[in-house]
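I have a structure here, written as structure tokens, and I will follow up with some questions on it.
Chain lettering (A, B, C and D) follows the sequence in which the chains are written, and residue indices restart at 1 in each chain.
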Amino acid sequence: MPDVQARGVENAFKLTKVGVTGVTKPVSVKRPGRAVTLTATFDVFVDLPAHQRGSHLSRNLEAIGEVVDDSVRDPVPGLEDLAATIARSLLDRHAYATRSHVRVTADYFLEKTTPMGRRSLERYGLVAEADGDRGGSPEVRRRIGVRVVGMTACPCAMETIREETGETGPLPTITHNQRNITTLVLEEPEGHGVEADDLVAIVESSMSAPTFEILKRPDEGRLVRLAHENPRFVEDVVREVLSRLVKTYARLPDGVSVSVRSESEESIHKHNAVAERVTTLGELRA
Amino acid sequence: MPDVQARGVENAFKLTKVGVTGVTKPVSVKRPGRAVTLTATFDVFVDLPAHQRGSHLSRNLEAIGEVVDDSVRDPVPGLEDLAATIARSLLDRHAYATRSHVRVTADYFLEKTTPMGRRSLERYGLVAEADGDRGGSPEVRRRIGVRVVGMTACPCAMETIREETGETGPLPTITHNQRNITTLVLEEPEGHGVEADDLVAIVESSMSAPTFEILKRPDEGRLVRLAHENPRFVEDVVREVLSRLVKTYARLPDGVSVSVRSESEESIHKHNAVAERVTTLGELRA
Amino acid sequence: MPDVQARGVENAFKLTKVGVTGVTKPVSVKRPGRAVTLTATFDVFVDLPAHQRGSHLSRNLEAIGEVVDDSVRDPVPGLEDLAATIARSLLDRHAYATRSHVRVTADYFLEKTTPMGRRSLERYGLVAEADGDRGGSPEVRRRIGVRVVGMTACPCAMETIREETGETGPLPTITHNQRNITTLVLEEPEGHGVEADDLVAIVESSMSAPTFEILKRPDEGRLVRLAHENPRFVEDVVREVLSRLVKTYARLPDGVSVSVRSESEESIHKHNAVAERVTTLGELRA
Amino acid sequence: MPDVQARGVENAFKLTKVGVTGVTKPVSVKRPGRAVTLTATFDVFVDLPAHQRGSHLSRNLEAIGEVVDDSVRDPVPGLEDLAATIARSLLDRHAYATRSHVRVTADYFLEKTTPMGRRSLERYGLVAEADGDRGGSPEVRRRIGVRVVGMTACPCAMETIREETGETGPLPTITHNQRNITTLVLEEPEGHGVEADDLVAIVESSMSAPTFEILKRPDEGRLVRLAHENPRFVEDVVREVLSRLVKTYARLPDGVSVSVRSESEESIHKHNAVAERVTTLGELRA
């Protein structure tokens, strides 16, 4: 059977990426002392040279299927390792490609403790990425990231009201607060391990307060006070995350890429507020 | 050309509704002293008897297209009138149908004034529905609704903190507050007019505070105080809307259907809180 | 601490439902010979009498948390059993409520075999619902449903082209085909078991063809032929599902509720086509 | 009142971008012989130096509000001009910023003619972007883009079936076809005009066939034949767009950025297929 994809092309332009999006599979991931099953969604791509008409997309699905099947027998250490394995496999399966890109997202659960000591299973998002570069050094770069929902209380409205009223009471002043979604993605260089749970802890402690799925009244009161004692703009959240990253990952090299984005679903506006920094550890240390 | 849709069917079950969703068109609507263009999305359906294989879906598009074209020349009084005209047209075009259903949604803008007197163009959602019933009396029932984004401040956390601290200061006590989305849909019987702008006003004044797209600091302070002086559960918002409805629409008959739903995107939780009432004006008056 | 929620209310209207949406947790479900972990999303509600200001929303989270925790130790037979347990627990925890409603959705995976015999892990959606009715008989009604992505090929365009060209070849005639999403929800009465996998099989075989995540060329050709040999309107898909349901579930009582909805993301239109039937097994048997 | 945003910061990291997302407003845009009202959604950002605590977000809303208000009196030539004006205004209003970024999206409607000559109002998406660079040359770069929904028919399955059956009939062979969404964004340098309608025409003619909201049977048959006579991979669609761009915009300079992305919602898979090229006109001409 002739290879339709391998035929010469009329408009011989190379393509930056060709692949599939929205492939969802259960994967098994090792956690301290256990294995967890995550429902992971994959987007995978390779580049395409000018002379090749089409990319063999079924090979992408084979690459994903193989690592997913393997994870059932032997849980992967992390989603970023899974992404890296697929990125490598894509270069093997697409001989014409020089680059590959893999992105995996999944919901992820951690048991947390409320201020009053109650246990609550909380939802977080995981994001893992890997970029393959044939003949590059390293051949595959991988990143691991987390998406955390928390709370921000606005420092500006709080100060406005304090000034207007001259309030000097023992309690923090009222302000608007809201749901905040902050994402942190960190490159994980060869030979270095980065724990997603540590990234969750960094982000969660950088907001005005964490959120919990179950709160009885004393816990609710504590959280509201905590948030008002730590009023934060989205800008503050991003900088706090950057500061904690620099301290926590002193052992990682300068070239490591970092991306932090914080979005507040403003309670006094119909729109959202966003702050973002895309950089390297080296730039942050300068 | 034989009519494939009209053929006898193997599995002769009638169908509750058959139609198209996600048809988007610009429509022209009359407002006091002007006409506005809205980008409206239509879902339209008819029922199908057991003996008819398929519904002629292109007739649904003709029904929509005709009223949209007409609105360019002669702006419609309201989206619910447009929905009613389409519901009637669907019964005309589908001789085999006994019921029709039309739902139209659109973004809608009103100029509002902030507490400090600044003008701000605010976004709301419109929802119009019409149900056709061949031979019914009336043949078409229509409903008009609004979707409003505002703010709720939690009464419970406020009281918890007040009790724990014994606070008795002049300012309201801190609490969590968040983005709230409340929808109100009201039947609009023949011969009675219901203004969407009035529904917006009812919903917006039933929340802890309205939201605005643009707020300088004194306005922001005022809104935050307003929200904390009117702490509301989602339950309170729904009941406040119901109470205002009963007072405002004393002239409407008992049979008029009412639906109110309020959802708070909780700032201290990762989930949302929801309250809803589906009823009639008569039941509310009892 | 006074119970803010239990206070008398200014606008004493009862509420149809009050609760929380978007609570996501991992749950463990028994499958033949194994247990699978699903990432499930819960919406849970109770009604609220006129004299009660607020519903104690944290009790909803306790009800969810308890069954989720229990499932880790003892996997539940199905999501609908989990929903029913929560619906019962909600009535226990909210003494003022007379009704409860629970909806759970999750992605779910089954190993399927392509026409050429290749194994492929395919994604489906599960939907489980339970309605509690204090003092009712039964006190809790539960439903189990599936969401299946497949393919429909249009019978009408195929016939149009055949007529225009007088084509009488051995191969089916060209037509437009597209991604179709069909949902089937069936009540599962006390003492009767309904297997989600059977519902998946019923829906999947009612479309023009199933879809697979991985297809090499011979499989792709087979599927395309299969779809063109079974051209189906959305109306046909719904009726085919209804017909198979009646045959498969002869043992279930007449009162059992049935809901089937099929949506084709039309390839020749920008909108979707939808057909739906909401009924009971008794009506279908008449 | 002290400027909270202007205060010194604890973690003095600069931020890549700070701003607001999801601001929706009606804007008036000039079209040949008329003005149309679009419901536009804005995301706007500036960068933030290390020494400035917060960005004054209300200034972003003032920048948007001003150009939107002006457009009512004097419709803008295009969304990209609106974006450029806002990008310039952001640099004026945020003295500490060196960069600004604006993204505007809107639904947009064009009257098209079906193969059989029927008029149909079709929906497209507009995307306009502008990047401000204080002291840069030019100070603001703007891009205009379109999002088009059309149809692709798979060349590979068609050939597989033709080979297996030895079919040599006059009609094209059956294959799978599906909804395709292709986006083209082109930089529009100072002194050069790019018409969004031309971009729509380029993309629409690069797919296997266009789609229409209303099709009677002869039109439906024609479109299905057209699609099967032009089977296209997503790779083919992107290259066809690139080829037409190079021919159509010979007058534009080499540095002009180009981005094309085509996504097919596969009818035989549950996932999507995607191809993309990000480049410059100069690279395409090489």
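As a working rule, contacts are C-beta pairs under 8 Å (C-beta built on N, C-alpha and C of every residue); 3 or more make two chains touch, one makes a residue touch a chain.
This one's a predicted model, so the numbers in the text were calculated from it and none came from an experiment.
Among the other chains, the CA centroid farthest from that of subunit A is the one of B. When the interfaces A-B and A-C are ranked by C-beta pairs in contact, the top one is A-B. For the pair subunit A and subunit C, the distance between C-alpha centroids works out to 30 Å. With centres taken as mean Cα positions, subunit C sits 26 Å from subunit B.
With centres taken as mean Cα positions, subunit B sits 36 Å from subunit A. Each of the following residues of subunit A touches two or more other chains: 1, 23-24, 61, 123, 156, 160, 213, 215, 217, 269-271. Across the complex, subunit D meets subunit A through its residues 1-2, 4-5, 9-24, 43, 45, 48, 53-55, 57, 61, 155-156, 159-160, 163, 233-236, 238-240, 242-243, 263, 269-279, 284.
Partner subunit C is touched in their complex by these residues of subunit D: 122-123, 149, 151, 156-157, 160-161, 164-165, 167, 169-179, 209, 211-213, 215, 217-218, 220-221, 223-225, 227-228, 265-271. Here subunit C touches subunit A in the complex through residues 1, 23-26, 36-39, 58, 61-62, 65, 68, 107, 109, 120-121, 123, 213-217, going by the rule given at the top.
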